[in-house]
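Order as written gives the chain letters A, B, C, D, E and F; numbering starts at 1 within each chain.
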C-alpha cells in the first residue's frame, strides 16, 4: 500500500500546486515540496525493509482478463531510483522556486513536475511489465509538457514534440517487446521474468524481443542513433533538465537495461548491440560535446556520452560491469544535476548560455564557480570526486573484455579516447565560462551570485560528489551493493570502492585522459576550425523535421489522392466492391448457380412488356441529357414495373408503385425546374467506358443472381401467414395483414422513415433560394396563365371523387388490395392535383391543414395503437379484431389494425403534402433568373 | 349468348383502342394525333370495361358494375388531358391565343412547321 | 340546398359512385355510402364557391345521353379518318365565340367538344371569349360552329345559367 | 368463343401499346411524348381488365382505377411543366 | 415478456413525434422533452444492461407472433451495451447542443430523437429485414442531421454520403432478397438454422449474400475502400451532430459482428467470408486512417480520420473471431465512441475561440481558456492515440494480445505504428492550436460550463474506463463468449412461445 | 420466363449503375430510381413467378408468396422517401454550390 501511495501522492498531488498558486508562488513551491517530502517519508519504511534484504511488494487486481494487475515491488535497484527521484526532486523544487521568472506560471510547472515524478516512481517500482510500460509512456508524456513549458518558443514546442515522438515510438516498440517477453515466460511479473533468463535466451523469439525492448531503452536514454532529441530538449527550463535530463528520465533507459539484465543479458547479441551502441554513443557524444557553444548543449551531449558509458557497462555483460554501471548511474545523477543547476544559475544571471559570450564568471560569482568546477571535475573523472571512481571501474572493465579476441585492446583505447574528450569538454566548461577573459555583450550585466536558496541544492549535490569521491565505502557502498545486487539477481562480484588501487592500468588510462584532455582543450581553436572544415555534421534536427514534414506531406498526398472529393470515385469503389461480392462466388466453383426447376414458358405479352421496359431504361440513359424526356422514359419503366406486379399476382404492389410513381414524377418535375434542363457530355470516353463496364458487370451479376434464384425451389414460412391471416389477423389480404400485423413493426418503421424524410426535406428547403428560369430552354417565356380554367374546374370536381376512392381503398385494404398507405397516396395526389390546377394559396385557403401535426399524429396513432396492447398485457402491436352487428348497417368488422392503418394513412398524406407543397412554394421566394439556365 | 356479347364488346373495344393508337402513330401532326387517343382509345377502353362488367356480373356473385367508374373517370379526364397537351404544343409553337391572337378561324390546322 | 346537404346532386353522384366502388348494395354499404356522400361535399364544398347551381337536372341527363350517342358517332367518324388516307384530311383551327360565361360551364363545353366528332378543344382565350378548337377534317367551318353552339352550348346555357 | 375474343383483344391492345411506345420514342416534340405516355396509361387499363377477365380474377379493378387517376395526374404535371415550368405555384 | 425491451425504441419515437408537434414553437419545451426522453433512455438502458448481464437473452415478440413469423426484439449483452452507449453519447451530446446549437436550423430535436430510434432499433431487432428498416431510419435521420446548419462543404459531403448509402441500401435489399430466396425466412436466428442446414449447392448464392452484406455494413462502418465519405462528412458536420455520429460507424461494426457470429459464423457452412477478409481490410483501414490522421490540416479532419482508424482497430479485433479479439473490440468500442464524441465537442469549443482560423493548424489567435481546453485536449489526445494509461491503451493492449501468432506481425506493426502516427499528429495539432499563436484573442466569449461539462464528461469516461477496466473487460468477455456460442441466442428466439 | 426476368433486371441495374456514375445530380437521381426499380423487382422475384394467384387468404389454391410483396411494399415506400430526399438535396446542393455537379465543381450550366 505504501508503494502505491508513493506513486499516487505526486501523481494526484500534481493537481495541488496549480491550485496553491492562488496563495502565492511560495505556497505553490511549498505544496510541491511537501508532497515530495511526504512521499519520501512514506518511502522510509519500505526502504528500511529493503536495506534489511526484504523486498517490499504490493498487489492489486485490475484487469484480470489480460493479467494486468497493479504489481509493485521495491528492491535494491528500485530503492536507489526512488531515492534519486525523490531526493533530487526535492532539490529541483527548491531550485526552481528561484529559477522561474515572475511571468512563468509556476503552479503549472510544479504540477507537471509532480506528474512526472509520479510516473518515474512508477517506472522504478513496477513489478509488472505492462505497468512499467504505462509509467514509462507517462514519463514521455509529462516530459513533453515540461519541455514545452515555454510554449511560446518554437524551439520549446519542437523540442518537446521531437522528444515525445522518439521516446513514444521507443515505448511502443518496447510494448511489443514486453508482450513477446511475457509470451515467452508466461508472466508479466518482472520478478518472475528475472528468474527465467535461461528460458528467454534459448527462445527463438529472443532476438526480436531483445531488439524491441532495446529500442525502448535506447530512445529513452538517448543512445545513438536516437540521441538527437536530448539536446533539443534543452529548450526546457533548466530545473527540468537538471531533473529529467540528468538524474531521472534519461536514466529510465539504463534502468531498464539494469532491470532486465538477468533476463536478457549474457548473449553475444546483447554484447554486440548493447555494448556497441553504448560505445558508439559514448565516443560520438563526448566528441560532439566539445564543440557545443551552448552551455546546456555541452551538458546534454555529455549526458548522452555518460549514458553511453553506462550502456556500454551493462553491455559488457560482466557482473563487475553491471556494478560499475549502477555506480555511474548514481554518480552521474549527482554531478550532472548540479552542473545543470549551475548552468541554470549562469543563464539566469547573464541572460545567455553561449560560452563565447560568457567569460570570466569567477570574478562575478565565485561561490557558484567553485561549485560548478567541483562538479565538472567529477564529470571529467578527477580523483577524489565520485566520477573518478566509477570511471575507473569502467576503464578496468574495458581491459578484461575477451569477446573481441585480438581486437580487445580497441575497447580500452576507445574508452581512453572518450575519457580524453570528457576531460576536454569539462575543461572547456570550467575555463571557457569562469576564466578566459571578460564577458562579451551579456544581455544582463553585471552578473552576480544568485539568491541564497538557489545555491543550496547545488551545494548539497556537490557535497555528495565530494563525499562519495572521498569516502565511498562509508557513503554509497551499501546502496550500491543493494542496487547492484538486485540488478544481478544473484551474488555480487568482488569489487572495491577504494580511491587508490595503485598505479594500475586503469589509473594510467585516467591519467592519459586527464593530460590528453587538457592538451586537446588547449588546441581547441584549431580543432574547431578543423571540424568545421572536415566534418560539417548534418544537423539531426533539420533532418528530423524534414522527415516529419515529408511524412506529413506524403500523407496529405496519399490522402488527397484517395479522398479526392469525387463522388464518382466513391460510388465506383462501392460498386466495384459490390461487383466483387457478386461475381467472386458466382465464378468460383463452389455450389451451382442454376437451380433444378424447369423454366416457365414465355408468353408474348410478357416478352413485349419486358422489351418495353428494357428499351425505356436504355432510353433513360441515352436521353439523360434531355432531362424531361428522360423523366418520361422513366415513368414508362415505372408503369411496366407496376404491370409486372399485376402480372405476377401482386395487386397491392401495383397500386403502390403506380401512386408512388406519379408522386415521384411530380417531385422530379418540381425539382427539374430549378436544374439545368439539358446536361452536357462531360465525361471522357475512357470514363464512360469504365462506367459502362462496371455497370455491365454488376448488371450481369445481379441478372445471374436473379436467374439462379428463380430456378431453384425454396421453403418459406409464408404458409403460416396464409393460415393465420384470417383467424389471427382478421384480414383476407395477406399482404396487408403482414403489413399491419405480422410485420407491422416494419411498417411503423417505414412511416417513420417517411416522416423523417419529410422533416429533413422541410429542413432542406429552409431559406433555400434558387435562380428561377423565366423562360424554357428554348427561350420561350412561360405561358401567362398560371391555372388553366378548364383544368381547374374539372379537377375541383374530381376531388370528392378521388377522396371517395381513397376511403374505399382504405376501408377495404384489409381484405382486398389497398390499405392505408395507398389510400394516403391517393388522397395526397388528389390534393396535389388541386395544387397543380388551382395553386397552393387557393388550395390551402380551402384545406388549411398543417402538415407537421398530421405527420406527427399519424405516427402517434400508429405507435399508440401498438402501445394499446400493453393494457391487455400483450406485446407491442398485438392486434385485436371483432365482428359486430348493428341494426340497419349489418355485420361489420372492427380491428385495431385499422387504427394502425389510419396512422399510416395520415402519415403518408402529411408527408407527401409537406414535401410537395413546400417544394412548390420554393418558387415564391426564389429569384427570377434573367439568363436562361 | 352473354359470352357472345362479352366477346363482341371485347373485340370492338380492343379494335377501337388499336385504331386510336394507330392514329397516334400514323397521323402527321400532334393536333391530329390528339383525336385518336381522346376518342377512340377512351371508347375502346370503355368497351372492354363493359365486357368486364358483363363477365363478372354473370359469374354469379351479383352485379359487378364498378368498371363503369373507370369509364366515367376516363370520360371526365381524357378531354382535359387533350386540352392541356394541345395547349402545351401551342405554347411551344408560340401560337397560344393569348400570345398570338393571330390564329384565325380557318388556319390550316397543322402547326408542325 | 341547405347547410347539411349543400350539393344534393353531387351527393347523389357520390353515393352511386360508392356503391359502384364497393360493388354491393348491402344495407351497411348503403348507409356508409350515404354518410360519405353527405360528408365529402361538406369537406370539399369550399373548393367550388362559384359552382353554378344546376337549374335543370333533367336537361342534364338528356345532355349526357346525347353526348354518349355523339361519342359513339365520333369514334366511328374518327376511326374512318384515321384508317383512311391521311393526306386527304383537312385539319383546321377554329375559333368558337362563346356565349357561356360561367367557367364551369365553359369547361364542360370544352370537354364535350373534345369527346365529340373530330374536334378537340385546344385553347381558351384569356378573356373567355373564344375557344380554340382543332378539327380533324373540316368541310365547312361555319356549320361546325353553328352545330356546336346549337347542340352543346345552348343546352349547357340552360342547365347552368338559365 | 371468349378465349378467341380475348386473344384478339390482347393482340390489339399489345399492338396499340407498341404503337404508343413507338410514338413516345419517336416524338418529335415533348407533347407528342406526353400524349403517347397518356395513351399508354389508358391502354394499360384495357390490358389489365383483359387480364382480369382472362384469369377470372376481379382483383385488378383497383389497379385499373388507379392507373386512370395516375395517368391523368402525370399528364397534367408534364403539360403544366411545359407551359409554366413551375407546376405547383 | 419484458415490455422494457421496446422502450428504447418507443421513447425516442414518441419524443420525436411530440417534438414534431411542437415544431417552430417553444424551444424550451422541445429541449425539456428531448432531454427528458434521453435521460430516461439512459436509465432504461442501464436496467437493460443489468438484465442482459444476468446472462439470459430476452426476446420480445412484436404483435405477439412467435419467431420466425413475427418480428422479435432480442436483448443480449451486445445490444444492451450498445444501447447504453448510445444513450450516454446522446445525453451528453444533447446537453451540449441545448446551449444554442439546436436552434440553428429546423427540427434538430426531432431528427435527433429519431436518429436514436433508428440506432436502438438496429441494435435490438432480431429480424434481418427489420434491420434494413431501422438502418433506413437511422440513415435518413442522419442525412438530416448531417446537413444541419448547411453550408457548401457540408452539403456536398452530405450529398456524397446520401448517394453512397442509397446504393448501399439497394445492395442490402439484394442481399436480404437472396437470403430469403434460399431460406424462405428473415428472422436472423431462423436464418442461422436454415443456412446451417442448406446443402453445398446453395453455396454460391449464400456467399454472394454474405459478401454483399459485408459490403453494405462495411460502407456504414467505413472500412477501406468504402470509408471515403466519412472524413468530409464528419469533419464538416455541426459539433453535436459529429459527436452523435461517433456512434454511427459502430452500427456497421455491430451489424458485422452480429451477422458473422450468428448468421454466417466462422465455423459455419459459409465460413470464409468475414473471417478471411475482415482482418486484412481492417488493418489496411487502420493504415489508411493513420495516414489520413497524419496528413490532416484541421482538427476535425484529424478526428474524422481517427474514427477511421478506430473502425479498423475494432474490426481487427472482431476479424479474428475469437473471444480475445472480440473482447478487445468490445472494450475498445465504447472507448473510441466516447472519446471521439468528446473530441468533436472539444474541437468545436477550440474552434470557437480561434476566430476565422477555426480549427485549422495554422497560427491563430490565442485561446481564451488555454488551460481548461488544453487539459481536456491532452486527455483526449492521450486517449485517442492509445497512449497509456487511458482506455485507448488498454483496448489496444487487449487487441495486441488477442491476435493469433501468424497475424501478429502485421497487426502489431500496423496498430502500433498507428498509435505512433496518432501521437505525432496529435502533438503537432496541440502544439499548433494551443501554442503557436498569432495576434490578439479572437473572442471574449468563454466556453461556459454547460458546454464544457458534456465535453469533459465524455473525455473523462476514458479515465473511468481505465479505472473500471476489470469489470468492463469481464462484461466484454462475457459478451464475446455469448456471441461466439450462438446456440443460446437461437434457443431463446426460436423456442419462445406466444403469450396466449 | 426466368431468363427474361433476369435479363430485365440486368438491364435495369446496368442502366441504373451507369447513370449513378454520372457527374450531374439529375442523372444520378434517375439512376437511383432505376436501381430502386431493379431492386424492388429482384426482391419481388424472390417469391418466384406466380401467375394469377394473389395472396388472399381463404382460398384453397396455393397463392403467391405474400412476404416478398410486403417487403417490396416497404421498400417502395422507403425508396420513395429516399428519392425525394436526394432530389431535394440536389436542389440544395445547387443552391449552396452554385451548380449541379455532384462535387459542386464546374461551371454553372
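Keep in mind that, in the parts below, a contact is a pair of C-beta atoms (placed from the backbone, for glycine too) under 8 Å apart; a residue touches a chain by one contact, two chains touch by 3 or more.
All figures in this text were calculated on a predicted structure; none of them were measured in a lab.
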Path length in the contact graph (subunit B to subunit F, fewest steps): 2
For subunit A and subunit E, chains touching each: F
Pair exhibiting more inter-chain C-beta contacts, D-F or B-C: B-C
Chain with minimal offset from the mean of all protein Cα atoms: E
Centroid comparison with subunit C (C-alpha atoms), farthest chain: A
Length of the line joining the C-alpha centres of subunit E and subunit F, rounded to whole Å: 28
Where subunit A and subunit C are represented by their mean Cα positions, the distance between them in whole Å: 75
Subunit C and subunit D, separation of their C-alpha mean positions in angstrom: 22
Centre distance in Å when subunit C and subunit F are each reduced to the mean of their C-alpha atoms: 40
For subunit B, residues that touch 2 or more chains besides their own: 20, 22, 34, 36, 42, 64, 66, 69, 73, 76-78, 80, 83-84, 86-87, 91-92, 96, 98
Subunit E, residues touching no fewer than two other chains: 129, 133, 136, 140, 143, 147, 156, 159-160, 163, 167, 174, 177-178, 180-181
Interface hub residues of subunit A, defined as touching at least two other chains: 565, 567, 571, 575, 631, 647, 651, 672, 702, 705, 709, 714, 716-718, 721, 743, 746, 750, 753, 756-757, 760, 764, 783-785, 788, 790-791, 794-795, 797, 801, 805, 816-817, 919
Residues of subunit B defined as touching subunit A within the complex: 73, 76-77, 80, 83-84, 87, 91-92, 94, 96, 98-99
Complex contact set, residues of subunit F against subunit E: 20, 25, 28, 32, 35-36, 38-40, 42-43, 45-46, 67-68, 71, 74-75, 78, 81-82, 85-86, 89-90, 92-93, 96-97, 102-104
Interface residues, subunit C side, partner subunit A - complex: 10, 14, 17-18, 21-22, 26-28, 31-32, 36, 40-41, 43-44, 46-48, 51, 103-104, 106-107, 110-111, 121, 124, 126, 128
Residues of subunit D defined as touching subunit B within the complex: 1-2, 4-6, 8-13, 15-17, 19-20, 22-23, 29-32, 34-36, 38-39, 42-43, 45-46, 49-50, 52-53, 56, 58, 61, 64-65, 68-69, 72, 75-76, 79-80, 82-83
Partner subunit C, residues of subunit B touching it in the complex: 16, 19-20, 22-23, 26-29, 31-32, 34-36, 38-40, 42-43, 62-66, 68-69, 72, 75-76, 78-80, 82-83, 86-87, 90, 96-98, 101, 103-110
